[in-house]
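We just call them A, B, C and D in the order they show up, numbering each chain from 1.
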Amino acid sequence: MRGLLAAGRILGRSVGRLRRLSPGQTLRRPLTTCDLPPRTPPTIARRAGAAGFGDDEADHQYALTWHGAGPRAVLIVKKPDDAQADAALGAIATWLRGAYPQISVVLEPAVHGQFRAALPFARTVAPGAERDEYSRVVDFVVTLGGDGTFLHVSSLFRAHVPPIIPFSMGTLGFLLPFDVADFQPQLRRVIEGAATLLPRMRLLYAKRRADGSLDDASRLDVTNEACIHRGTYPHLTTVSCFLNDHLLTTSVGDGIIVATPTGSTAYSLSAGGPIVHPLVSSMVVAPVCPRSLSFRPLMLPSSATVRLQVHPESRGRAAAYVDGRECGELRQGECIEISRSPHPLMCVNRDDLAAGWALDINSLLQFNRSFSYPHVSPFVDRVPQK
Amino acid sequence: MRGLLAAGRILGRSVGRLRRLSPGQTLRRPLTTCDLPPRTPPTIARRAGAAGFGDDEADHQYALTWHGAGPRAVLIVKKPDDAQADAALGAIATWLRGAYPQISVVLEPAVHGQFRAALPFARTVAPGAERDEYSRVVDFVVTLGGDGTFLHVSSLFRAHVPPIIPFSMGTLGFLLPFDVADFQPQLRRVIEGAATLLPRMRLLYAKRRADGSLDDASRLDVTNEACIHRGTYPHLTTVSCFLNDHLLTTSVGDGIIVATPTGSTAYSLSAGGPIVHPLVSSMVVAPVCPRSLSFRPLMLPSSATVRLQVHPESRGRAAAYVDGRECGELRQGECIEISRSPHPLMCVNRDDLAAGWALDINSLLQFNRSFSYPHVSPFVDRVPQK
Amino acid sequence: MRGLLAAGRILGRSVGRLRRLSPGQTLRRPLTTCDLPPRTPPTIARRAGAAGFGDDEADHQYALTWHGAGPRAVLIVKKPDDAQADAALGAIATWLRGAYPQISVVLEPAVHGQFRAALPFARTVAPGAERDEYSRVVDFVVTLGGDGTFLHVSSLFRAHVPPIIPFSMGTLGFLLPFDVADFQPQLRRVIEGAATLLPRMRLLYAKRRADGSLDDASRLDVTNEACIHRGTYPHLTTVSCFLNDHLLTTSVGDGIIVATPTGSTAYSLSAGGPIVHPLVSSMVVAPVCPRSLSFRPLMLPSSATVRLQVHPESRGRAAAYVDGRECGELRQGECIEISRSPHPLMCVNRDDLAAGWALDINSLLQFNRSFSYPHVSPFVDRVPQK
Amino acid sequence: MRGLLAAGRILGRSVGRLRRLSPGQTLRRPLTTCDLPPRTPPTIARRAGAAGFGDDEADHQYALTWHGAGPRAVLIVKKPDDAQADAALGAIATWLRGAYPQISVVLEPAVHGQFRAALPFARTVAPGAERDEYSRVVDFVVTLGGDGTFLHVSSLFRAHVPPIIPFSMGTLGFLLPFDVADFQPQLRRVIEGAATLLPRMRLLYAKRRADGSLDDASRLDVTNEACIHRGTYPHLTTVSCFLNDHLLTTSVGDGIIVATPTGSTAYSLSAGGPIVHPLVSSMVVAPVCPRSLSFRPLMLPSSATVRLQVHPESRGRAAAYVDGRECGELRQGECIEISRSPHPLMCVNRDDLAAGWALDINSLLQFNRSFSYPHVSPFVDRVPQK
């Protein structure tokens, strides 16, 4: 709250100054990223000491090292129709322009249009192959908004996504470790290569037709979960779940979810799944309202391939959903295939992941609230005071 | 069943022949392992193709390669007071003696005493440092019995345990992929280096005193789960759970379990935990009858260190349990500490792990039995027929 | 199976005989119930001894006593497009015509059209006020089909429903205690007043507009469950649940179910609700995928009034469903109101309810299947053999 | 808190005055209830309008009507070793003595000894048949303490228990609707017949020997739950559960609980059972850590008889527990039998049960805490302010 007001004040000043400096700018053609050089990928290496999770091969946090002169283009993505996010975007872009003039600020086309007067130095991508162009030039991404804004970033890039630093507009979250009020020190850490990255595993979603062929156009990276659900169809759907081509189970019910550790605290949790630490390399399979007493959630190795098929004789149809969005209807015999994406999201994170995660599950999920004595919650005295 | 009868018949013949060959043998001193050379550790390397679980660093099955002349000593461990296990032990030892005379058969002292007449060639360890001696000479271990016999093996060695091939006496299980009736081809595969190994992660258990110091003598390797439970104490116990020194939660209830993936289908499952594939590198934290509506099971990275402390002001005491056995009382302020053991159990396993695991959770756990139509279980036609 | 074949053979003979007796009948106008006298309601009184559930006021089975000459009209309702149900209907109608000629057989209009040639003595209701006419003349109802057919009966009557005797076409169920192969002795018991009735509580559903007024046209009797669910709407719905005008909780999630004991083994069970014996006078409130770790199912007294309101500020809309059918969209501020219906369904049942229910939850729900040893299920030897 | 301080101040004044009035009193023999007349049982009739739960036969609150001159003896039971309860007892007894001199204050012997000097008018029961004497004279009971004190009352009477008014020492609870700070108006309401009673169903517990005979001496009334649990025994116990002599299920695990609606928020809730409103006439059967994925909690009619038998071939023994206290070991073949007690506890309660219960499950159980936004709990503004 305090942070947002501060951001607002900064923006107020910035916008005022910018307006005086840039008369007539709206007549010019939009400034694009065409003339920016391709990005130089940073080195991302395990931070052995910092993670606090020992010496394991699989489950580490990472350090970010830029090459050459450091990052040269930042994409700022914001929640639409949100005054606080607007204010924060203006404040951050203006501050970056002053503190790091060598870094170009890139905005999505609609956002660029909105801020063209206020932020005349901002660039956008030329219409056409936006995803390719973002992938070509963006060194890191700032998100301003909630989980939805964070999830949206995934769709802007082809496969690989540059490091993301997500800012909340007031309510911290699993995906939102930083308050926008702290943007200056946090961005400095990223730009100067002092940030810690948490790799968030993604899944790769694709649809297979009833004849078994893959629908290449259907491929999507999954941040939270892929799911098959009867949605609007009144009849229960019969879904067969295969693990590496072996039939695991056939379920009649509302649906089946396959979630990442990141997604374990989203829809999968509502469906009864466990809370999975983001450093566990695994996927959760959880049923939605199964007609069974004994469909307990499963934890599969992240190297598994899971297929969910609408049973050829299912009475009901179903639809596929990725991160909460419908991807199309599935008819009898069609299936979705889920495996680990080779492109995790590298997220700037708090340095002490264990402490942060403990705080999150307690404060965000209301984890293990004891009966009768809410005032003895061990976390009452531990929530950091701003 | 068929297997056991077959084993019985083989034993009957063997014992008859052995008796004629070895009159007066009971007068001799027991044959020990003293004169055996130290074992040559085999090479255990990832079987990239076979596991069916892709190209991941963490979650693989392994191939076993012996060096020199191959294994020279096998420890056979059997369920006590079980006629079927007795019969199987006799049959296996006799067959090994004939087929692989270069391999010494080693038995635990009590078992050796029982079979001294029937298996005069069998060796045992001299009294004293049994664990050191087993570790020095045993190349691989055969177990004959149920899960309890398998768990017992862990206690016979110091830290590192040689590869284990577990045989069931009729009922297959997660830990018991092979029926003893098939012992000949399965043992041939092990001895000739054609077997597939599944690494089963273990945990390391230790007790910390109320002053924070570690009780070195308390260290144990954990195959299924370590747990803190009020046991006989009438009052609910208050237990604080720490993740890498950060307080995660404080729970009032019957207890808390920390389980391996192997243990996820044992007590943790009864307490509501998920079913975890053995290749997931993780530990489950599950509460036992918590006084809370919101203590959902947690999946932590295997590199985490978990401490469970009887709260200094807990009204109730508690006891610690490892793999179902009590390890002693815990008073207020005392705690148990759990981290990953560097010494997984390397278990000979079916080659196709995914298929075997799918079969196990369906046939052993009665996973996802659908309502109303038990006859449409997809597994009815898929259970392999012997 | 045997029963259905038997029924088929009976029908074959019957239809043959009927065809010879009734040439030209299809030219006549349909025979209706207009000239039937109004039904004389039977006495339905507690069977103190038989129920096996002691001397309680609330939870009893009931005996049926006809007055005067006994029942005079039976409505037979069948599953559409099902050859087995067609065969059974013919067999039952024909047998009734011979054994109890004083009882008129009544069919729904479409069914009557289908069987007009084969069953010329069958009656139907004149178009117009079908529900009033069924309520006026029908003494008892026979259903032939699955649970859906049973649920359909509820919609054919105004409020009060005459006693129902449900026959399964092969698979017994909670709602289907009798196999159609046994129709003769079971129907004799009903007609001769020797049957035991189980009262199945229903709920009364109505919609309230956002201004608080009741939508009278929306009233429905509920056999299984009423529910509010986001259905096709992508955003999570915020629903407030009121108990007798007191706010009980506000839930964000997929939906909330209010179920009868009969419905406790339907959708409510899939959502995590308990299994409720039909003699418990209660309603279950169970959430569907709530965004909460601590929404445990609630058991409320059957005399409670529950209101589920789409929160005035809910981001998502929702729809109402009764017994699996959509009843219309609910906008922000609208709500559904659920209370006990004064008109339970009186269902002919097995005399020993406790034994039958125990059998049902074991055989139909696969209740409490133990791990590892499916062969020791205590019910293997107890399932009645036909 | 405020209440307790107030009670302390009242006691301070009272004790001072009493001390001056009664020198030398400790030399006299204890004042007993011998000369009190037998109690005249009050009329307890349904309060049709007040309960807010309609017109149902089974689920009502009740009004209390005294006969003749009203109540003449109150038993005050307090938590041991608790300064606040001591202060409250003194305050209440002294106030009653002044306001209602016709009512004798009765204390348990040990408490009477403690307060003999301060409360010289208090009576106790003569050693010998305490339970008979309490049952003979006590018109109503005041409890001062927590749930444990409330549960203790049950053990002081033979079968029938007079109306109870339970006061909390600061933390309200399901069983503790009144704060002791409000004792004056609440006691006035009871004594003047204006109180509302909530009947809390109890269960009747008895042990059956392996030969099937009933152990009469084992009979106990159960307020929360009866349970069979392996307790100290290391092996899992196999327990068969019978419903009215019909085998319902056989469970391997830690134990099985049979709970009242009152007990549904105690141990049964920790074991996964539903939250049952106290006006639902039912018992919960919930497993403790069963070796099964499919043992869902059951709701049985209150008129059922449930037997839990340690299976004759169980590997493990077990113990029986009633309301958290061990009642003795159970060997193979022995069982416990549970049915509804004819003697519910009649508890003075808030007049608006629905509102109170809604408040309790939210504030005491932390029911349905939504994710992420603890500040939007609908109950924040509704908790009554004192």
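Quick note on the criterion: a residue touches a chain if its C-beta (ideal position, glycine included) is under 8 Å from a C-beta of that chain, and two chains touch if they have at least 3 such contacts.
Predicted model only: the values in this text are computed from it and were never measured.
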Longest centre-to-centre distance from subunit D, chain (CA-based): A
Subunit A and subunit C, separation of their C-alpha mean positions in angstrom: 47
Subunit A-subunit B separation of Cα centroids, rounded to whole Å: 40
Length of the line joining the C-alpha centres of subunit B and subunit C, rounded to whole Å: 52
Subunit A: positions in contact with at least two other chains: 269, 290-296, 365-367, 369-372
Overall pattern in which the protein chains touch one another (line/ring/star/complete/other): complete
Touching residues (chain side subunit C, partner subunit A) in the complex: 231-232, 234, 253-254, 267, 269-272, 288-294, 324-326, 365-367, 369
Parts of subunit B lying in touch with subunit C, wherever the complex brings them together: 171, 173, 265, 269, 292-296, 363-366, 369-374
Residues of subunit C that touch subunit D when the two form their complex: 52-59, 240, 243-252, 261, 264, 269, 273-277, 279-282, 284, 287, 290-305, 339-340, 352, 354-355, 357-358, 361-362, 365-372, 376, 378-379, 382
